[in-house]
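In order of appearance the chains are A, B, C and D, and numbering begins at 1 in each one.
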Amino acid sequence: MTDATSNILDEATPEHRRGSGLMRLALSNEFGLALLIALAFGIFAMTLPGFTSPFSLFTIGRQIGIDTMIGLAMMAVIVTGGLDLSVGAIGVCAAMVFGYLAQIAGVPLPLAIPLAIAFGSVLGFINGYVVVRSGVHSFIITLASMSIFFGIMIFLTQAQSFNALPLAVPAMGKLRVGGPISILLIITLVVCAALSIFYRYTTLGRQMLAAGANARAAELSGIRTGRIIIACHMLTGGLAALAGLMLTARTGAAVPSMAGHLGQDWLLPAFLAPVLGGTLLSGGRVSVIGTLLGAAFVTIMTSGLLLMRVGEFWILACLGLMLLLAVLADRLRHQVLRARGMI
Amino acid sequence: MALSFTRIFDNDWVGPGLVSLAAIIGISIFQPSFLSPFNIFVLLSAIAVNMVIALGQLVIIGIGQMNLALGAFGGLVAISFVAVMELYGVPPFVAVIIGFAIGTLAGGASGFVIARTGISAFIITLAGLQIFKGINLGITEAQPFYGVPQSVKDFGNLSMLGPIPWLVLPMLIASIGMWYLFTRLRIGRYILAIGGNRTAAELSGINVTATVIWAHAISGLLAATAGMMLVARLQIGQPTIGDDWLISSFAAPVIGGAVLAGGHVSVAGTFFGVVIIAIITQALVLFAIDPFVVQIVLGGLILWAVGINRLRELRVAKLNERA
Amino acid sequence: SPALADPGTKVALVPGGPHPYFAAWEQAGKDAMKDFNLGAGDYRVPQKWELAQQSTLLESLLTQGYNSFLIFPGDAVGTNATVSEIVDNGGQAIATAGCLKDPTPALFCLGTDTGNSAYLGTKELIKAMGGKGRIAHFTGFLVDPNTQLRIDAVQKAADETNGDVTVVQVIADIDAPQPAEEKINAYLAAHAADVDGIVTTAWVPAVTAANSLRKIGDKRIKMVGIDHDEVVLQAIKDGFVNGTMLQNPYGQGYLGSYVLDKLRTGCTLKADAPWKSNALTAKFVDSGTVFVDAATADTYVDAMRGITKTLLANFEKDFMACK
Amino acid sequence: MSALQVSHVSKAFPGVKALDDVSMTLRGGSVHALLGENGAGKSTLIKIMTGIHKADSGSITMEGKPVRFGNPRQAAAGGLGVVHQERNLVTRFSVSENIMLDRLGKHSLSSVDYPAIAAEAARWLKLLDLDVDPSTPVSRLSVAQMQLVEIGKALSLQSRVLLLDEPTASLTPSEAQVLFRILRRLRDDGVAIGFVSHKLEEVFDICDTVTVLRDGRNACDSAGLKSLNRDDVVQMMIGRAERISKRAARSKPATAPYLELQDYSSTAGHKDISLAVRPGEILGLYGLVGAGRSELAKAVLGLSGQTGGEIRVAGRHVKINSVAEALALGIGYVSEDRKAEGLILLHSVLANAGITVWKRLANALGFLRDATIASHVGPVLKKLEVKTPSLDQTIGNLSGGNQQKVSVAKWIAAGVKLLIIDEPSVGIDIKTKAYLHDLIHELAESGTAVLLITSDLTEMVDVADRVAVMDGYRIQGLVENDRNYERVSTAIMGLIHGRKAA
C-alpha cells in the first residue's frame, strides 16, 4: 500500500504543527501527483502543438470532470475497506431513469436530476443493506447486484437509448465557462469541495472514516457501524448517478452502453483515480483532492500520448510504462527527500 | 460427536461444495442431458481453465494483494505460445516451456517492483496490465494467430478418460500443487503469514521481498498455464484471451472462502467456487433464458449461492457458541 | 481523378476498438491515400473496445488536425455527440461499417445492412436446412443495438416460413472467445439433437461455433456464419459450415476515404440520391454483402473487389453533385 | 567484553527527537533494565538495535565488532532475540507455527515438518508454564497467552542477546514470576538480557544494571542497580521524586445503583452474575486471566447475547443490543486491547480522542471543527501528559504508553454515567499511572459510576472501593477495600482459591 501521509486539508494552525505540516505536504501523495501533472503538462504543452488549444483543454477538462466523479463514487465505498463493482451499472441505471423522466414522462430537469441521483442512492442502499445484513464481502454482493441492476435496465429498455432529451442536456456537455473550462469540470470541483468538507467537518464523514479504518474499534466507541456502511454505499450510489448524468450530458443522450457491458468500463477509472491519489484500499483514509489529481494525471497522460501519435497498437503499453515510471519517480522523490533529511 | 460434525462444517469448501451438489442435482432433474458425457466434458473443460485462472489470483489474494495483470499475462503468453509455433516452427513442447518462462518472468518482474518499491500492488499490476496487453496488441495488431498444431488442439479437444478432458490434467496438477504449497511448503506458509500480518511476518525474520516475488512469479506461471490451456481449448491464438479473467478470478476464490485482505485461502473452496460459476453459466444456456433477463438471473443465482453458504456459516457459529 | 484531390484531406479510419474485422481498413486507408493523393489515410484504433476510449481518441485526432473521419460508432446513439463535436470544429464524418441513429450529424452511413445481412444469412440457412427445422442464433453484446436488429431479422426470416422453421434459442453477450466457447459448447452438449441449424451474427460466435461443430464432427447441423475469419472459411471448405455472410471492410475504407475527399473539395451530397434506409438511419449506402459457400470460398475476394469497383464507379454520379 | 554496546545513537522522527546521543551497554550474564517515561525512547532504541529503524548517527557493536542490521532478519541471524512491545503474531496460524515462523524450512520449497515444529514449540510452552495445545490458532488465545507465545518465540531463538520490551505488561504477577525464573536461568547461562518495564518492583527483582532515558537522553548509562533505590530511579526518570499519596478509603455513596445485574447469564458463558455499581462508586472486578471479566464487560455492552437474568440501568430494566445503545444509556468501555478495539491506529490523536464526543459536539447540521474537539479533549490529554508532536500525529506513531493514555482519555472525555475501564494502566509509566488514578477518582467524585477491571492487584487496592471477585465466569464474592493490601489480597485470593479447592 502507498504510504500517503495525512490529508493536506489539515489546517496548519498552532505553532508545533507548522513545521511538520510543510514536510508532510512535501511528502504527500497529492503533492507528488501535482508535481507530476505540472511536469507532464509542461512537457506536452511545449512539445505537442495543439495540446493547449482551447478545444483540447476543454476535452481534457471534461474528461477529468467525469473520471473524477466516477473515482469519487468508488472512493466513497473504498472508505469502508469494501468496494462496489456496480458503480457503472448504477450510473447507467440512474442515467436511464433520468432519460425516461426527462424525455418520456416530461419531468422538468430541476426535478429529474435530483430524482435520478436519489435513485442512484436507493440502489446504493440496496447494496449496503445486503452487505451489512449478510456479512458477505461487498465484492460478491456488488458483483451480483451489478448483474441484476444492469440486467433489469437492459430488460426494461431493450437496449434502446433516450436521444431526444431536452436540449439543455447536450448543451451542458458542450458548455464552456471561463474560456476552455467545461461546466462538467466545475460541477466536479464543487462536489470535491463539498466532499472534502464532508469528510473533515461532519460527524457522519468522520464516522465513515473511523468505521472504515477499524470497524471493531469504531463499534466499541459507540458508532453504529452497520448504518454508517450503508450510508457509504448510498453516497457511492448518489455520486455514481451524478457521474452517469454527467456522461449523459456529454453524450447528449442516455445510452445503455455508455459504461460498457454491465457498466464495467467504469471500473478502471473508478479505482485508478482514488488509488493513485492515496486512498487506501483497506479503508479508513480518503483523499478527495488526490482522486481529482489522480484522474487529472491519467487523463493528461492519455491525451499527451495520443497526441504524440505513438503507433496505434502500442499506446496502451506506453501508457502502462508511463504510469509505472511516474509512480517510481514519485517514490524516488520520497527517498531522496528522506535521505537528505529534508523531512 | 457434535464437535466433529461442526469441524467438518467449519471448512470453507463445505458450503460451496453443498451448493454445487444441490445445483447439479437440481439441474439434472429438469435437464437430464446435463449429465450426458459430452456435457460433463464441456463443463470440465470450462472448469479446468477457470480453476487455473482462479489459482493464479488465489496466491496473490493469499499475500493480501491483487493481480490485475493476470489476464494480460495469460493473453501475452497465449499469443506468444502460438506465435513461436506458427512463425518459427518451434515444437509445442518447447513452446510450452517458453510460455511458462514468459509468464513466470512477467509475474516475477511485477513482484520485484512491488516488493522493492513498496508501491501498492494495485497500481503496479495495473501498469503491468497495460504494458503486457499493449505488447500483445502491438504484436498481433488484434489479429488472431491460427497456427495451432494439431497436437495442441487435440489436448484441448480430446478426452483423457471417458468424459474427462485432457485439460483436467494441468488443473489437477496445479490444484494439488497449490494445496500442498499453502498447507505444507515454507513458501506457501510465508505467503499466508505475510497476508495475515505483514508486520509480524517481517519482524519474525521472513524475507518479505523474496516471498512477494515468489507469489507473483507463481501467479504468472499459473496465468501462463491458463493462457496456453485456452489456446488448446479455443484452437486459436486470440489476442483477446485474458480480457475477461479479472472479475471471475476474484469471484471464485471469494465464494470459496478466501479473505480478500489476505492470509486465508482455500484451494478446495476455490474449486467449488469455480464449479458454481460454471454451473450457473451453463444453466442459463440450458434453460433457454431470454437473453435480456440472463443478467438478472445470473446475479440472482450468485446471491443465492452466497446466501446458502452464509446460512451454513451462521449455523456453524451457533453450534460453536453452544459448544 | 487524383489530380483534383487535395492533400489537405486528412482521413482517419477509426474502429470501435481492436478487432480483426477492421484489419482491412488499414490497407484501404493507405491505398486511398496513395490513389487519391490524400494528406493522410490513417487507421487509428482505440486501445480498448470502450465508448469513452473511442471518443477520447476522436477528440485527440481532431486536435491533431484530421478533418475527415470514417468511424465505426462505438454506440449508435452515443457516438453522435462526438461526431457533432467533429462537425462543429469543421470536420466531417461517415458512419462506417455500422450506422448512427438519426438524427445524426454524420454525412451518411456506409456499411453492411446488419439486419438485412442477418436476414439473408438466415434465408440461406433455411435453404440449406431444406426449408424446415429449428434454429439457434448466437450473437453479440446486447448493449449494441445492432444485436436487437439481428435478433429481429433472424426471427423475421423464420416467421416467413409459416412455422416450418422456428428460432429455439438466442444466446447473446458472447463477443469474447472464452464465454462464447463455454456457452456454445454447453448449448450443443445439451441440445445438439434439438437443433437443425445455427446462424451466427457476430465474429467471435461464428468462429467458436464453427470450431464446436468441427469438434463434435456434426455435419447434420447446418450453419451460416458471418465475416471472413480463417477458421470459418476453412470450416466451409471442410463442410462443417455451409456458408458465411461476408461484409466489405476494405471497400468501406477505400470508398469512404474517396468520398470524404470529394466532399471536402467541392462536391456535395445530393438530397435526392438513392439512399437506402434501415432501422437506424434514412441515409444508408450498402457497402455490399455476399454469401460465400464452399464453391466460392476461394474466390470471394474477387467478388468483393467487384462490388467495391462498382460502388466507386457510380458513387459520384449517383450520390454527389460536383462542381 | 560487552555483549551489545550502543554508543551515541540519535534518531529523529518528523517533529520528534526520539533519541539524542544515547548510549547503553549490555553484558553477558546480566539483566539490564531500560527505563523511562512513556515516550522516552525505549522502544525506539530497541528498534534501532534490531534493524527496524535506522539510527541517524551513532554506532552499535556486538562483542566488540561493529554491526549494522538492515532488517530484523539480519538481527536475528546476528544473535539478537527480541520481544516487541506490540504483539506481532499471525493470529490465523497455530501457536507452534508462530513460535517457529522463521524456521519453517531450510529453503522456500522445503516442506514444513509440522510434528517437529510442534515438538519444539511444546518445549518452550512447557518452559513458560503455558498450557495450550501447540496446534491451537493464536486467535483463540487471550491477550496474556499471546504475550507468552511472543516470549516463547524470542526464547526459542536461543540468542546471546535477548531484548524484552514490556514483556510483562499484560501478564499477572504469577505469570511474570515464571518468566523471571527463565530469565535468571538464561542469565546464569551467560545471555545478555535487556528488560523494559514500568513495574519497578519487577525491575528491582531481577535486574542488575540500569539505563534510564528521559526525553530521549541518557539520564543514566548502564549503572549498577545495587547502589540505587526506588526513589533514585524515579528521580532519574521523571526528574523529581515521586510522591505516592496513599488514598484513604472513601465513604460509600448511598445512592441507588446505576447499573445492576441480577442473575445475569450470557452466551459468552457467564452464569448468575449479580452485581451493582452506584454513581460515585469505583467497583473493582478482579480475577485471574480468563476469568471472564472482559467478556462480562462486552456482554453488558451488547456484544454477546443475554440468556438469563436482568440488566437494570438507573433502575430501569433494559435490553442492550449494541454499543451504540449502551452509549445512549451512558455506558462507556475502555478496552483492554487498544490495538484491535481501542484505537484507530491509522488516524490522528485528535480523531481518536474525540470519537466519543463528535455527536455531542456537532452543531445542528452535523458540522464540527477540530478546534471544538481539541478544546474538549485537550484538557484530558494534557492531564494524562500524552506526549505527541501534535494532535495531528498518526496515533500509530506514538509510543505504546501514550497510545494507551489516549484510549483511556477518550472515554474520560466522553462524560458517561458508567465507565467500564479494562486494564487501563497496561504500559503506562508510574507517574501517569498516578495521574490516571487521580482522574478515575475525580470521575467518581463527580458522580460517575466506575467498573474497574485490572489484573494489577496493587492498582486494584489503590483505586477501587469494593472488589468483586470473578472466577470461571461467575462472581465468587465481594471484598470491601480498606486500602490494606495484605488483608484485601488475602481475601481476594481466598475467594478465588477457595472455589478451586471446593
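The working rule: contacts are C-beta pairs under 8 Å (C-beta built on N, C-alpha and C of every residue); 3 or more make two chains touch, one makes a residue touch a chain.
Only a predicted model underlies this, so the values are computations on that prediction, with no experimental measurement involved.
Across the structure, the highest number of inter-chain C-beta contacts is found for A-B. Set against the C-alpha centre of chain C, every other chain centre is closer than that of D.
Centroid to centroid, with C-alpha atoms defining each point, chain A and chain B lie 29 Å apart. With centres taken as mean Cα positions, chain D sits 72 Å from chain C. With each centre defined as the average position of its C-alpha atoms, the distance from chain B to chain C rounds to 35 Å. Per-chain CA centroids place chain B at a distance of 44 Å from chain D. Residue numbers of chain A whose C-beta contacts span two or more other chains: 154, 158, 313, 315-316, 319. For chain B, residues touching at least two other chains, in rising order: 134, 137, 141-142, 292, 294-295.
Pairwise chain contacts in this structure: A-B, A-C, A-D, B-C, B-D. Listing the residues of chain A that touch chain B in their complex gives 1-3, 81, 85, 130, 134-137, 139-141, 143-152, 154-155, 158, 262, 264, 268, 271-272, 275-276, 281-282, 311, 313-321, 323-324, 327-328, 331. Within the complex formed with chain D, the residues of chain B that make contact are 184-187, 189-190, 192-193, 196-197, 199-207, 210-211, 214, 263-264, 321. The touching residues of chain D, counted against chain A in their complex, run 14-15, 56, 301, 322-324, 326-328, 332-333, 335, 340-348, 351, 355-356, 358-359, 362, 365-371, 389-390, 392, 394, 410.
Touching chain C in their complex are the following residues of chain A: 50-51, 53, 55-56, 59, 63, 154, 158-161, 163, 170, 173-174, 250-253, 255-258, 260-261, 265, 302-303, 306-307, 309, 312-313, 315-316, 319. Residues 6, 10-11, 13-14, 16-17, 19-21, 23-24, 201-204, 206-207, 209-210, 213-214, 216-224, 280, 284-285, 341, 343 of chain A touch chain D in their complex.
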